[in-house]
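Take this structure first; my questions come after.
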Amino acid sequence: GTACTSQRTGRTGGAGPDGRVRIGLVTKTDSNPFFVALREAAKARAAQDGAELVALAGKFDGDNDGQVAALENLVQQGVNAILVTPSNSTGILGAIRHARDRGILVVALDTETQPKDAVDATFATDNVEAGRAQGRYVRAALAGREPRLLMLDGTPGGTVDEQRHRGFLDGVGLAEEDPRVLAKEPTNGDQNKAQQAMENLLQRAGDVNAVYTLNEPAARGAHAALQARGLAAQAVIGSIDGGCQGVRDVKEGKYAVTVMQFPKKMAEEGVRAAVEFARTGRKPSGFVNTGSTVVTDRPVPGVDSEDTAWGLRNCWG
Amino acid sequence: MTGVDGRDAPLEPVLSARALVKRFGRVTAIDGSDFDLMPGEVLAVVGDNGAGKSSLIKALSGALVPDEGEIRVDGRPVRFHGPLDARRHGIETVYQDLALAPAQDVASNLFLGRERRRPGVLGRVFRLLDTRGMRAEAERVLGELGIGVRSMSQPVETLSGGQRQGVAVARAAAFGTRVVIMDEPTAALGVAESAKVLDLIGRIRDRGLPVVLISHNMPHVFEIADRIHVHRLGRRVALVSPAERTMNEVVGLITGALRVGADGELEEVRDAVRTGLTRTGGGTAE
Amino acid sequence: MTGVDGRDAPLEPVLSARALVKRFGRVTAIDGSDFDLMPGEVLAVVGDNGAGKSSLIKALSGALVPDEGEIRVDGRPVRFHGPLDARRHGIETVYQDLALAPAQDVASNLFLGRERRRPGVLGRVFRLLDTRGMRAEAERVLGELGIGVRSMSQPVETLSGGQRQGVAVARAAAFGTRVVIMDEPTAALGVAESAKVLDLIGRIRDRGLPVVLISHNMPHVFEIADRIHVHRLGRRVALVSPAERTMNEVVGLITGALRVGADGELEEVRDAVRTGLTRTGGGTAE
Amino acid sequence: MGPAELLGVTTMSLTAPRRAALSEFVLRTPAVGPAVALVFAVVLFSLTTDTFLDVDNLSLVVQQSLVVGTLALGQTLVILTGGIDLANAAACVLATLLMAKLAVGGTASPVTLLAGVAVAVAVGLTTGGVVTAFRLPPFIVTLGVLTILTAASRIYAGGQSYPVTDGLLGWLGTRQYLFGQIEVTFGMGVALALYLVLWYSLTRTAWGRHVYAVGNDPEAARLSGIHVRRTLLSVYVVAGLVYGVAAWQALGRVPNADPNAFQTGNLDSITAVVLGGTSLFGGRGSVLGTLVGALIVAVLRSGLTQAGIDNLYQDVATGVLVIVAVAVDRLSRRRQR
Amino acid sequence: MGPAELLGVTTMSLTAPRRAALSEFVLRTPAVGPAVALVFAVVLFSLTTDTFLDVDNLSLVVQQSLVVGTLALGQTLVILTGGIDLANAAACVLATLLMAKLAVGGTASPVTLLAGVAVAVAVGLTTGGVVTAFRLPPFIVTLGVLTILTAASRIYAGGQSYPVTDGLLGWLGTRQYLFGQIEVTFGMGVALALYLVLWYSLTRTAWGRHVYAVGNDPEAARLSGIHVRRTLLSVYVVAGLVYGVAAWQALGRVPNADPNAFQTGNLDSITAVVLGGTSLFGGRGSVLGTLVGALIVAVLRSGLTQAGIDNLYQDVATGVLVIVAVAVDRLSRRRQR
């Protein structure tokens, strides 16, 4: 039984034998710039707080098995706290329980677990809200034209992907099965795949005027394909992330809008909570929205936004 | 089409073929060949390199599916779709390329495709192989052929050329029940080992099994064969008795210097004689 | 250790070896063997299957690196780390396994490793092969051996056993500049084709090149060899002249029924004689 | 003089039998090299970290290798025949989804389990059928099957993953303590049993010899009268069965059926097979080598994490160590040649 | 009677020369089967959709195949020697990053380009060096190199991707119109040139024959006096060079160096090679087949999209069609046997 195990090797807060706080970070991948920014921010903050941070990751977006093994190995290594961005919001639960049973603090970053209270606390963007903001902007920017929408999704089944997708449709005012949604394609958030998907979609739906992208690499791919067909002017592309490159893209007009997330905040809050737990045993709790901000140089009525100058000051990566 | 010479065969052939044809792209390897193997005889098949001997016996042993023609076993037409079909008729073959699994050991190769299981539950239920029994048997059979292999668990790819050939020969000899076909079984063997294989062929015949022996070694052929099938340009051009013909004559038939005339007698092919081919051939055949 | 019989050699051997040893796990394939090849001679190497003949010549041609012992070319010690090293010394070999690239065609195989380029810029700058020239040459060389291959662009894996052997023999014959070694070059060949290979060996000797011929065919050996190296249990047990010894005696040496005594004369090995081995061996050697 | 020599048999003299016996053992046992590398890695991490050589941790490493290790077992069979299976993990994922969705729908759990295994077997049967009927390269066939199965799983899952609560489906994850200390799971027992059964079948039955022969030289196998197609087909079916068990293992380890899981399972399992010394050309290798190969990667990951090394640097180290492991194996063999 | 027969030569009679010549052509030219499948696919989509057979669309299909097609060219070389290269796309990605970062740093663009190609060549040299020096299986070596390079690229990129604005680096993406109609890019020209050069080298030079011989039977090649190691090494180096060009192609197509790109490039390129009829056992195949193989996948994707089929169902269809393509190839050959 798990209960008795937790007694055998149990730990409650308290720094390691050498007095150092140890923190594990497990991201979805370590290739997505977003997670790199998150990792670097966490490292910096940990160094500042005198803690040790081991950064692990899955092999691909969706690699639950890799994340489970990473969590287990961190537990074994004797960390005080684990920060995790779950690739699969249910698949990771066992490993989280295993860690928490041993008295380790577990905090979700960027993506929620299902149920949310499987972790001690969550620091993340409200992704439904971020998607909704993108959708509302796109609808307004169409200025009354009927939307003819292409949706470039991420990884099928991803929690974040699903939340943004749902939020966007809500914001743009279309139902999932609406015929004005011309096509949906998964891109795994990869620029090459997005470009190829877009090129092929355009071949049969040349009259597109709105494009949803789940993140900025996908938006760049979409733009390149539209540009090559000379259709860049007719379509409003929206995105989410707020990386510095993304903000520059918005500034250059490659796409109309991006919704900025704040990975540094997630990381710093996470590390701070971990260190505090190790030192005092106090645990954070609940969902902490790290916020999102619409960034565009062409504001529309009814959507609060910042311009790219602000964006460049606040962007990550 | 083919001149048949020698005693008439009153019996039904064990294995026979009529008008076999096999083409590979532009090469016709078997060009309307006939074939007859009588009960209890040793039939030598001789012919030039590339004459189509191996292709013929591959067709007879199911390794190759002919494009045209008919094969009969004990007078009944058969269709072989693979070597297994021929094997089911009791036809066992030593192929020129030996057909051994290089990474597997001597005993495994000897029993490949008909492994022996342990008696009792172990064998029936657990399908446990009788590894030791097969090794012992392999040792015995190879010993009989005078083929010295250090260990029955040596992979055949590490054997010498002759040792490998010994394994292939031993396999066919041990398992043939109706016909044994051997494609150049002594090519890689030493003098003593070859003699043992000839002895073995004799013993197989004594058991009542007919043997097809492909060989380029005329002394061997004349020592052991009851009849000689001469193959040339993809077909049987003569069927002679070693008692009635000399090595020189057979070599002449092989090279085309001689042919079987309309009267069943041998006659010289004029062009060939002028080049003195028989002399070259005959000189080394003895 | 080895009994040497026959004329003394006043000349320096072209290729020689002393006390070579090669072990494979528990098998000692070469067990302290000596070897000497004199200028311009045809040296036959004979021995039982598994005696270690192929291993010996593999060591001499660089295909196998011996564990111990010394090899000399023209009296100078050499170390071969691969077949290329031997080839650089002009030693050309036909291996028993032929060493052909199965998917490549006849002409490519014949020129494998020393392809000819077109003359001029095409060859020098564009490295363009002289495909047509090589085909023509291949056709010529094989024709000389009497090996009929339909097309020089046929992959060797589709050739008959004898045709393949012909390709390997033709290759060595065409390129040897100091020594030509042939491991059972006529094993798969027909009567006429074998005779042509023996002719070829004679012609190579006439060009002044010594030839090492491994063969189980005693008539061939006695027809062509100047000296006979008898190999047994991994080493040279005798070196005899075919003019002074009979086939029976050589077979006796091979099987161990005879040995070279302290006085250089042959003597019977008692146990062996009792089993009548020489009779079996001798019976088929002639 | 023994009777063998009297008959003209050439026996080679035996020298240095002790050393030679060892060398033969190494040469004949493909698993020895990788095992040395594994032991080496374990010793290395035991010395450099406090936590690695801990019963709990070692148990964990084994648990982490279970799914890939089971996939690799089926993969070994296919590779021994000279093939390759790119769709093994995809078949396993589809099976987990089927089981999980049936369980959610209320089907009795033994039926559910059987259905999951059956679908994996059906995939094997189809793959093997196509490979043998048209003599197609297994690479392409299993690539096609991979694409189809991945899409099918996603369509079937409808963008969701399915937590599993059923006792039987999650049963392999049940932990037990041996001697009150050593944490083992039923999954370990099942994996071990599967390995033993297949080791036995490959080395002690006619079927196993035929599998090796078909991979070693298909034409020679055919001429030797082996049912080449039937043997191949049986291999794909048995492999499918093993992947079905891998699906059960997967649910024991993570009770959640996820269409996104094990996307690198095919490559990971091939890696375990090759690390274990089995040749991608077929006909040479062993399942015991695969067992070791599957453990090596998990040991490296775990040990490097214990040593506090970040993921990216772990990758670099793993890459180097994997190459070193096979190089050690190769060098140990070469010296004996 | 001709002189050949007088010499005892056996010449076989010639029958049905016309049919036979065709069959020989099919058998000898590995690219014919896949080409038939390609034409079949093109015709299929032309009939079922309005938009597929459109100059623009065809041009797009070619552009989409360029990077994988170039990677597959180097992959063909490695596979012909009996190896496999899992690290080709990773080398290409590292090269794009190096070029892009150098360009951002202000290095002159020709130097940048050379540096990118040089790093790919260096990877090839290292891989080939390890493979030949220790005689390790290329699968494991390139797997290790893949892991290392992927991590290295990520470390080097520091979590960013680098847009490329430099004219020379993006030059291969430059579009031109032939006859004022047909959109072509310089990248297409370069790819075609590379294919031709390697086709020539493989079929018309001694080096090419050695590459085939080494893959066909390494021991026979060694005994024939071929420098096996040197040949192998040269193959990895040339392949590295080709991957360097693929990196240039990649920047022409997507002017953004991204450590995340082409994660399935290795498998995709192997797929193109195998679809093109080259044997994974080495020694048999052709680069022209690979060219066709690379196009097939892009044609399927594009055609299925034009036909309005959703992504997941496209996957199913692609999987089926890929198997059908090789089956067609195989059947067309078998009938001729």
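To keep things simple, chains are lettered A, B, C, D and E as they appear, and every chain counts its residues starting from 1.
Here, contacts are C-beta pairs under 8 Å (C-beta built on N, C-alpha and C of every residue); 3 or more make two chains touch, one makes a residue touch a chain.
Since this is a predicted model, take the numbers as computed values, not measurements.
**Student:** According to the touch definition, list the chains common to the neighbour sets of chain C and chain D.
**Tutor:** The common neighbours are B, E.
**Student:** Expressed in steps between touching chains, what is the minimal separation of chain A and chain C?
**Tutor:** The least step count works out to 2.
**Student:** Looking only at C-beta pairs in contact, point me to the busier pair out of A-E and A-D.
**Tutor:** Taking the two pairs in turn, the one with more contacts turns out to be A-D.
**Student:** Once you find the CA centre of chain C and the CA centre of chain E, what distance in Å lies between them?
**Tutor:** That gives a centre separation of 43 Å.
**Student:** If you average the CA atoms of chain B and of chain E, how far apart do the two points sit, in angstrom?
**Tutor:** Result: the chain centres lie 46 Å from each other.
**Student:** Counting in whole Å, what is the centre-to-centre distance of chain D and chain E, each centre being its mean C-alpha position?
**Tutor:** The separation of the two C-alpha centroids amounts to 30 Å.
**Student:** Out of chain D, which residues touch more than one other chain, so two or more?
**Tutor:** Residues 5, 7-8, 10-12, 154, 312 of chain D touch two or more partner chains.
**Student:** For chain B, give me the residues that contact two or more of the other chains.
**Tutor:** Counting only residues that touch two or more other chains, chain B contributes 26-27, 48-50, 97, 147-148, 150, 192-193, 196, 255, 277, 281.
**Student:** For chain A, write out the residues touching at least two other chains, lowest number first.
**Tutor:** 30, 60
**Student:** Which stretch or stretches of chain E touch chain D in the complex?
**Tutor:** 82, 84, 86, 130, 134-137, 139-141, 143-148, 150-152, 154-155, 267, 270-271, 274-275, 279-281, 312-316, 318-320, 322-323, 326-327, 330-331, 334
**Student:** Any idea which chain B residues touch chain D in the complex?
**Tutor:** 63, 82-84, 87, 93, 95, 97-104, 108-109, 112-115, 117, 127-129, 131, 143, 146-148, 150, 192-193, 196
**Student:** Could you list, by residue number, the parts of chain B that touch chain C in their complex?
**Tutor:** It is residues 24, 26-27, 47-50, 54, 96-97, 147-151, 154, 158-163, 166, 184, 187-196, 198, 216-220, 223, 251, 254-255, 277, 280-281, 283-286 of chain B that touch chain C.
**Student:** Quick one: which bits of chain D touch chain A in the complex? Just the residue numbers, please.
**Tutor:** 51, 54, 56-57, 60, 63-64, 67, 154, 157, 159-161, 163, 175, 183, 250, 253-256, 258-264, 298, 301-302, 305-306, 308-312, 314
**Student:** Can you check the complex and tell me which residues of chain E touch chain C?
**Tutor:** Residue positions touching the partner: 3-5, 7-12, 201, 204-207, 209-210, 212-213, 216-217, 219-227, 283-284.
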